[in-house]
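Both of the next two complexes hold chain A, though its partner changes from chain B to chain C.
Right, the complex of A and B next:
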C-alpha cells in the first residue's frame, strides 16, 4: 500500500541537524501533508526525497562549503533509492515541484510545459497538457506568455503543470501556496485535490499554512525542528489542540 | 553498518571562534597559532631570494608583478563583483607613464614609479568608469578589449615609440633592490587589502557584490564605491607596470600583452578565490613553474594548461581555502 517509506532519516548541514530521525510513509493514491514552521525541515525533506540533496551535496563538497550528511533509508516501491540520482528518481516517477516555483523564466508557458514533458511519450504528453489546461483554464490564455511575466499564482499553476507533465507517480509539492492570496490558495488547494481524485497520483505536500491544505489531505505529519512530533489523519490533526493553536491561531 | 551510524563532525578551533574580528589572546601559544602562517609567508618571501641564483631572482621579480595583478583581480572579483580582465591595461598605462617620464624628463625611477602608480590608476579608473554600470561578462569583455584598444592607438598614431617601443630606460641600481622593492610592495598590498575588506568599506563592497539594489536602498552610491575599488585595484596594477618598465629598461606595446590579464586569473583560481593570500601564492607558484617547464619547449603550454585544468576541475576552491580549513578546523567521528 505504501509507495514511499522513510525510515530513520537524518540530514545534517555540517553540524546542524535539519532532519532528526523522521519516519514517514505515503500511501498509494493518497495525499499526505507535511506541516511545519520555517526551519522545521520541510524543504530539506523534499530535497532528500527528490534526490536534489545529493546534487547540492556534491556541489558543496567541490566548493569546500558545508558538508551535508544524509543517513537512513528511503524506500520507494520497496526499493532503497538513497543513492539514486535526482534525474533517475524523476524517471522512476518521483517528481518535485520546487519551492518558489523555479519555472523557466525566459521560456513561454507552452515551452515550460514541454520541457516538463520530456520524459513523457508523445501521446501521453499531449493528453497531460490537455489535462493541465483543463485543470487550470486560466493558463490556456497565457500559452505564449514568458514565464517571468506571470503572476505568482499563475507561476505556481505552471509549476504544478510542469511537474504533472513529467508523468509522476509520486508528486512532491513544496510549499505550493507560498506568497499567494487566499483566493489563489483556495483554487490551488482544489486543484491539488482534483489531481489526486482524478488521476490517482500520490501526492506529498509540504506547507506552513495548514488551513487550506488540512481539509484535502488524507494523512498528515507535523514537523518541528527536524523531528516529526505529530501525525494523524486529517480529522485527527484538525481536532488536535496543539495543531489548532499553532496553525489555526485558535 | 558502522559507517552509517556515525559521521565526521567538523569543528572550528576555539581560538578561531573567539578571535573572529576581536583578538582575545590568553597565551603565547595562541599568539603563535595566529602569527605562524603570517610570519611563515613574510619570512618565506624574504628568505627565498638568498637561495636562488640571479636568473631565478629575476623570475621572482616578475612573479611579484603577477602577484600584484592577481591580488587586484581577486579583490575586484571576489569582493566587489567586477570580473576585471584589465590587468594588461593597468600594466600598460603604468609602464608607459613611468617610461615616458623617464625618457623625456629624465626623472629617476624612484620618482616615476610613484607618479605612474597614482596618475596611471587615475587614468585607468577614468577609462573604466563608463563601463562600471555593466556587470558580469560584459564588464569582463570591455575591460579585456581596452588594452587592445590602447595598443592600436599607439600603433596607428605612431606615438610613444610606436611598435618599436622605447629602450634604454633607467634600471634599478641592484638586483636585491629590485627584488625587495617588489616583494615589499606585494606584502604591503596584501595586508592593506586584507585589512580593507574587513573594514566598513569592505562590508559595503561585499554588499555591492551580493545585492547592489539593497545597497542602493540603504542610501549608498554604489558607483562611488565601485570607482574607489577600481582605483585601488588599478594602483596595484599600475605600480606593477611602472616597475616592469624599469625592471627591463624598456617599454613597448607588449606591456599590453594578454598574459597580464589571463595569468592572474589562473593564479587566483589555483590559489583560492576570495582568500587574497591564495592568488599571491598562486602567482609565486605559477610563474616559476612556467619558467621551469621551458625545458619542454612547445609542450610547455600544454603541461601548464593541464595543471590548471586539473585544479579547476578537481579543486575549484583553491589551495589556500583548503589549507585555511585544515588549519582552523579539526574533525572527529561522532555517533548519531
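Right, the complex of A and C next:
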C-alpha cells in the first residue's frame, strides 16, 4: 500500500538536469531512504515532493532568474499533487523537515514547536508536544532558549519535533544527520526509528552518509546525478558491493 | 507658557513639538513627558510599516497615504455623513484594512521578492491616493485645499501633570500606544495567526513547510498594518491638520524609525521611536525647533555608522555565528 508514488519525475534548472526520470514509492508506515552524494538531487527531490519548488520557481520567474521545469507526476494517496501549493500539501500531511534545519532562530524552542503546531488542533498539539519532549528529553530543559542559540544537534531535534507538531502523515527528513557528531547521529537515527515504530508515520529520509540510516530503513534508493541507480530493501542495499564501496567506505 | 500647539499652522511638524520652553525648571519634566508622547507617536506611525515589512518583506510605501486617507474618511464621515465620531473611526479603520488587503492582492502580490518594484508600485498607490485627495475631494470631500481640516480630539482640554500642562489627547496617545504594543505582542506570541506571522517573517519557506500560507499572511499583515496606520492617524491628527504633505512626512518618519531600529525588527522599531522621539525633543528644548530635522537625520546617520543593520537588526549576526 503506497502513500506516495513518484513517476517519471524530471526537474531542470534551466538546461541542467537535477532529477532525471526518477521512480520512487513510499509504502504506508515504512521508512524509506534516499541516499546519494552531494548534488545527487536529494534536496531537489525533497523540495519537489513538499512543493517548495513551486515557490522557488515562482520567485525565480518573477525575478527573471533561473527557469525551473518540473515534469512527471507525484501521487499522494492516489491524488496527483503536482500543482498543489506547499502550504496546502502540508495541510494534506506532507511535512518537510528541511536540510540545514531552518528553525526559527528568533523564536524560543517552545514557540518553534507551537508554530509547528499551527495546523494541529489544540488537543493534538498538546499531545504531540508531550511526545516530542519524551522523544528528546534534552529539549525539555531548553524550552525558553532562542532557536539561534541551540547547538546543531539540538536544532535538529527541534526541527524534527517541529515537523511532528504539524501532524504529518508523510514525514520528509532531508539530511537530518548533516554535520552532527557520531553520538548525535546515533541518537537521531534511533529517534527516527522510534517515531516510525511508535506513531506509524510514514517517513522518507535522505542522507549522504548511509551507515547510521541503513539499518533503520525498510526500503531504500540510491541517487546518482539525479537518477535512481539502485533500489532495494535494507538488507539488499547493505549487501550490495557498490553501496558498500561508495557509502560505507569499505 | 503657551501650549497652543496648532498656532503655527498646517505643518505636521507641529505635532512633534508644541512650544518654546521658557523656564529651565520645567525642562526635565517637560522633556520627559513630551519626549514620551513624541516617541509613542513615532512608534504608532512606524508600527504598521514594520509589521508589514517584517512579515512579507514588502516596504509599504503607501503607509503614509493610508494614514491621511483614514484622517479624511473620518472627517468626511463625521462632517458629511453625520456619523458619530466613534462609528466614523471604526468605519475608516475597516476601510483602511480592506484597502491594505486590496493593495496586496491586486498590486504587490505580482511583485513579491523584487524590493525596488514593490517600492515603486506602493509609492505609486500612495501618489494616487494623496495627490487624488489633494486635487479634488474623493468620496464627497470638497474644498480640501482650504486652511485647516482637522479631527477633533477624543476629549477636549488639558491637565496639569507634575507642573506640565498636557492635553488629554496626548495622554490618550500614550495609553493607546502602550496598549497597542502590548496587544500586538500578545497577538504575535500567543495566537496561531500571530505565530504564523512571526514564522513567515523569519523564514518564509520553513513556515510554508509547516502549512502557513504566505500570501494569506501577507494579506493579513497588510490589513493589520493599514489599520494601525489608520489608528495612528485618528489619534495623532487631532494635534495637527490633515494635508497631503502629512502623508509623505509620515512615510519618512516610519522609514526612519524602521531603519534605525533594524528593518523588520518590532522591538527595534519601538526602541528607535524612543531614541528619535527624545533626541528631537531634547534638541528642540536646547537649541530650538529649527534643529529638529537636522537631529532626525543626524541620528539616523550616527546610528547607521556604528550599527549598519540598525539597533536590533541582529538576524545577520546570528546567521554568521551558527
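To be clear about the criterion, the second predicted complex is superposed on the first by the 250 of 250 C-alpha atoms of A that agree within 3 Å, B and C clash if a C-alpha of one lies under 4 Å from a C-alpha of the other, contacts with A are read in each partner's own complex, and residues count from 1 in each chain.
One rule holds in what follows: contacts are C-beta pairs under 8 Å (C-beta built on N, C-alpha and C of every residue); 3 or more make two chains touch, one makes a residue touch a chain.
On a predicted model such as this, the values are computed, not experimentally measured, just so you know.
Asker: Judging by the criteria at the top, classify the pair chain B and chain C on chain A as clash or fit.
Answerer: These partners clash in the superposed model.
Asker: Just checking: does A:103 make contact with chain B only, chain C only, both, or neither of them? Give me first, second, both or neither.
Answerer: It touches chain C, and chain B stays clear.
Asker: If you stack the two complexes on chain A, which partner ends up touching A:187: first (chain B), second (chain C), both, or neither?
Answerer: Neither partner.
Asker: Chain B or chain C: which reaches more residues on chain A?
Answerer: With both complexes superposed on chain A, more residues of chain A are touched by C.
Asker: Considering only touches as defined above, state whether A:14 meets chain B (first), chain C (second), both or neither.
Answerer: first
Asker: Please work out whether A:34 is in contact with chain B alone, chain C alone, both, or neither, and reply first, second, both or neither.
Answerer: neither
Asker: Looking at the overlay, what does A:63 touch: chain B (first), chain C (second), both, or neither?
Answerer: In the superposed model, A:63 contacts both chain B and chain C.
Asker: Which partner chains sit in contact with A:166 here, chain B, chain C, both or neither? Use first/second/both/neither.
Answerer: second
Asker: Just one of 80-88, 278-286, 296-304 or 314-322 in chain C hits chain B in the overlay; which is it?
Answerer: 296-304
Asker: Same chain A residues contacting chain B and chain C, which ones?
Answerer: 62-63
Asker: So in the complex, which bits of chain A are touching chain B?
Answerer: Listed in rising order, the residues are 10, 12, 14-15, 62-64, 67, 69, 71.
Asker: Inside the complex, what are the residues of chain B that reach chain A?
Answerer: Per the touch definition, chain B meets chain A at residues 4-5, 7-11, 316-317, 321-322, 325, 336.
Asker: Along chain A, where are the residues that touch chain C in the complex?
Answerer: Where chain A meets chain C, its residues are 50-52, 55-56, 59, 62-63, 85-88, 90-91, 95-98, 102-107, 111, 114-116, 118-119, 148, 155, 162-163, 165-166.
Asker: For the complex, give me every residue of chain C touching chain A.
Answerer: 110-114, 189, 192, 195-196, 198-199, 202-214, 315, 318-319, 321-322
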